[in-house]
Amino acid sequence: MIDKIKTADEAVAVIQDGASIMVGGFMACGTPEILIDALVRKNVKNLTIICNDAGVPGRGVGKLLTNGQIKILIASHVGLNPEVAQRMNTDVEEDKLECILVPQGTLAERIRAGGTGLGGFLTPTGVGTIVAEGKQVLNVGGRDYLLELPLRADFAFIRGSVTDKFGNTTYNATTRNFNPMMAAAADHVIVGTCNIVETGEIDPNNVVTSGIYVDSIVGGEKQWQI
Amino acid sequence: MIDKIKTADEAVAVIQDGASIMVGGFMACGTPEILIDALVRKNVKNLTIICNDAGVPGRGVGKLLTNGQIKILIASHVGLNPEVAQRMNTDVEEDKLECILVPQGTLAERIRAGGTGLGGFLTPTGVGTIVAEGKQVLNVGGRDYLLELPLRADFAFIRGSVTDKFGNTTYNATTRNFNPMMAAAADHVIVGTCNIVETGEIDPNNVVTSGIYVDSIVGGEKQWQI
Amino acid sequence: MADIKEIIAKRVAKELKDGDVVNLGIGLPTMVANYLPEGVHIVLQSENGIMGMGPAAEPGKEDVDIINAGAQYVTINPGSMYFDSAVSFGIIRGGHVDATILGALEVDQMGNLANWIVPGKMVPGMGGAMDLVVGAKKVIIAMQHTQKGRHKILDTCTLPYTAIKVVDMIVTEMGVMEITPEGIMLTEINPEYTVEQVREATQCKLIISPGLKDMEF
Amino acid sequence: MADIKEIIAKRVAKELKDGDVVNLGIGLPTMVANYLPEGVHIVLQSENGIMGMGPAAEPGKEDVDIINAGAQYVTINPGSMYFDSAVSFGIIRGGHVDATILGALEVDQMGNLANWIVPGKMVPGMGGAMDLVVGAKKVIIAMQHTQKGRHKILDTCTLPYTAIKVVDMIVTEMGVMEITPEGIMLTEINPEYTVEQVREATQCKLIISPGLKDMEF
């Protein structure tokens, strides 16, 4: 079997300036810090980051923001990281952040659509609001829905609790959040995980993310305070 | 807490002639036979059954077919139950079965959409085939997709392996198939399960179907040979 | 101030029935769980991935893998379940949440809601709010009737909508209002206020229910 | 007959690379797993809910909860996973299956496929076939070149399509064909047949590859 286990620096070596990266986590709970830290060291720039939120300063994608690596952030909520507003409003062109806000359920579903080969889906969320601007509205059964399109990325950073050597992964508690959808929706998937076990050690009924999605596995991820 | 545990006959007592019922299972693997048997005893007629397939004679929805209870069958495959073809082609009007064939992935996704409040989704499956007849075709990113609509039912028959008293359910191995989507897509959900345990006994990381969907729990389901 | 919040939270708690699946917004709505009537047990959904959330974790006993949507460490009750964000919003959009309780910047007489953005000033993002108010069976706004003297219950929202025609009920320290096809109807009034005071604190027309009662809390 | 199936299965097996995720149709395609080259380990997907399916269960050792899409009792390999049908077809439609191998009633030079219905005669349903051929990265048709003398490789399918423009390769007992923008190209020929015999067994125009090789099996 192909050996997928790498160091964090080896795993992120493939990522270049301008890449799009999906990052699992909700307020950094379920974000693979070990991969974020390696990406800060690699210091690639002009990244498009897709993540539920902007983390907090010093945690999760907040570190990439502080380091000036993010050009576009696609997220549902950025209010708990004051650096987002600062960077959105800066006059320094090269520090300027573009922030695209997407309702949380729509963001999750768009990523799911991206990973499952759907061309889009109809959601009632956002009808009549500024979220609907520029989008097709379809009426089904007398109700209006927005047509929302799939979302994919070049890379996904996934945070596992237990991962076997094939890449099969489980997530503990609320660390799961966006990780499973992102693992299916990126061309190249890197898992930062707390525990690496032998292939076959996870009960096949309880695997959440299949190893077929996983390109690299990085051990040594820890449980972090927010 | 509300007591959801019933006998099979009590649980199906709410079902009347003409009801629509989603039935979990793939070739009857993962079909709650204990509920099917109770429905045969109740002998309600003119049912619309939504199930991956027609089971086999003497197993799963095949029993309802033999007993002349199904008017409309929505399924992806009916080839392994010869009674389907017989009933589709019968001259006896009251025995006549209408069979609506849906691609398996589209069927699963339509049921998921029905349970998750989506107005529909775009799938590449069926483009250019008779499945596309009467359906809207949308082009997204240069590729054609069919707009497929959500599917819901009055009732769902779910087959659990382990169910706690709140209704949280796990499925063993390939008995899972359509059960999780159906549990969310019906107005009234009955689980026939092999093992009833106390609420809280199932690891919350491993629950597949939330008890919030479940109206009745019937114990005593067995593991059946096909 | 704490008293006002308590009044609101206590009154909202009476809207919940035993077995209801409920999503509570950050802040005041979170307090509702403390005032449930005897015999009423609700199932709390947290949109980041919990069904069956329990109280906040005791200091020193936090499990860092268990947070709520407000990024606080919480506990879970027996019979709980974790899930991913697509499943979570499937539950929400699919109408499986009986009630969502959240605050508002503005509500109008059509039941339109604005609570996520003040353009040029506060752009935190909508998070899960747009999905929650569209998907939940009942949308209850729990808020102070006015904000520093500024009206919040209006003819028409001035801020960008979170969603249109979604609000079912507004509970403030002054009373309980239901959104009807004819407009906003005051159904209960806090005896500490007069109808005239409520009218003054409300920008839009206020229909007074023929069966207007004292607000229970 | 058994020999013909073995020839086809052996040749198809050479198309698979180590680590490929593969879905095998019922019948002949199932045999492909028996002829994998040394060092090639594939991950079998079964659309009813398995990633990492193993061989058929030994008689008397069946686990009745573990079936494949053909309703046979099977086993699982270490590192396998079970999932529901929506996840399963998400994997399939999402392009995560490297190859699907299945039989056909008819294939035409546009790469159109008909394999699910003979109107008025056989109406078994499409099952997962429509999703599989649309979603898999590579669609390999494994079949006998003709059916009792009747052509199966045609100008245009006469039976209702399973999907349009999806077939990448056809492997029969006579040879290997690739679907190109110009039509069907014979790239390998079983030395037991002449090019003329293959042409006669094929209704549509057959492009002969300039690099035509002997079929390896």
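Remarks
In this document, chain identifiers A, B, C and D correspond to the written order of the chains, with residue numbering beginning at 1 in each.
As a convention for this text, a residue touches a chain if its C-beta (ideal position, glycine included) is under 8 Å from a C-beta of that chain, and two chains touch if they have at least 3 such contacts.
Note that this is a predicted model, so its numbers are computed, not measured.
Where touching is counted per the definition, the chains common to subunit B and subunit D are A. A centroid comparison over C-alpha atoms places C as the chain most distant from subunit D. Counting C-beta pairs in contact, the pair that comes out ahead of the other among A-C and B-C is A-C. Per-chain CA centroids place subunit A at a distance of 29 Å from subunit C. Between subunit C and subunit D, the centres computed from C-alpha atoms are 55 Å apart.
A separation of 35 Å divides the Cα centre of subunit B from that of subunit C. With each centre defined as the average position of its C-alpha atoms, the distance from subunit A to subunit B rounds to 33 Å.
Touching of two or more other chains is recorded for residues 76, 82-83, 89, 92-93, 135 of subunit D. Of all residues in subunit A, those that touch two or more other chains are 109, 112, 117-118, 123-124, 171-173, 204-205. Across the assembly, chains come into contact as A-B, A-C, A-D, B-C, B-D. Of all the residues in subunit A, the ones that touch subunit B in their complex are 109, 113, 117-124, 138, 140-141, 143, 145, 147, 149, 170-173, 204-206. Contact residues on subunit B toward subunit D in their complex (touch as defined above): 26-27, 29, 52-53, 75-80, 85, 88, 99, 101, 103-109, 111-112, 123-131, 161, 171-181, 208, 223-226.
Against subunit A, the residues of subunit D that register as touching in their complex are 18-19, 21, 41, 43, 51-52, 76, 78-83, 89-96, 135. Considering their complex, residues 46-50, 62-69, 71, 76, 82-86, 88-89, 92-93, 112, 122-131, 134-135, 160-165 of subunit D touch subunit B.
Across the interface of their complex, subunit C is touched by residues 1-2, 112, 115-118, 164-166, 168, 184, 199-200, 204-205, 207, 210-213 of subunit B.
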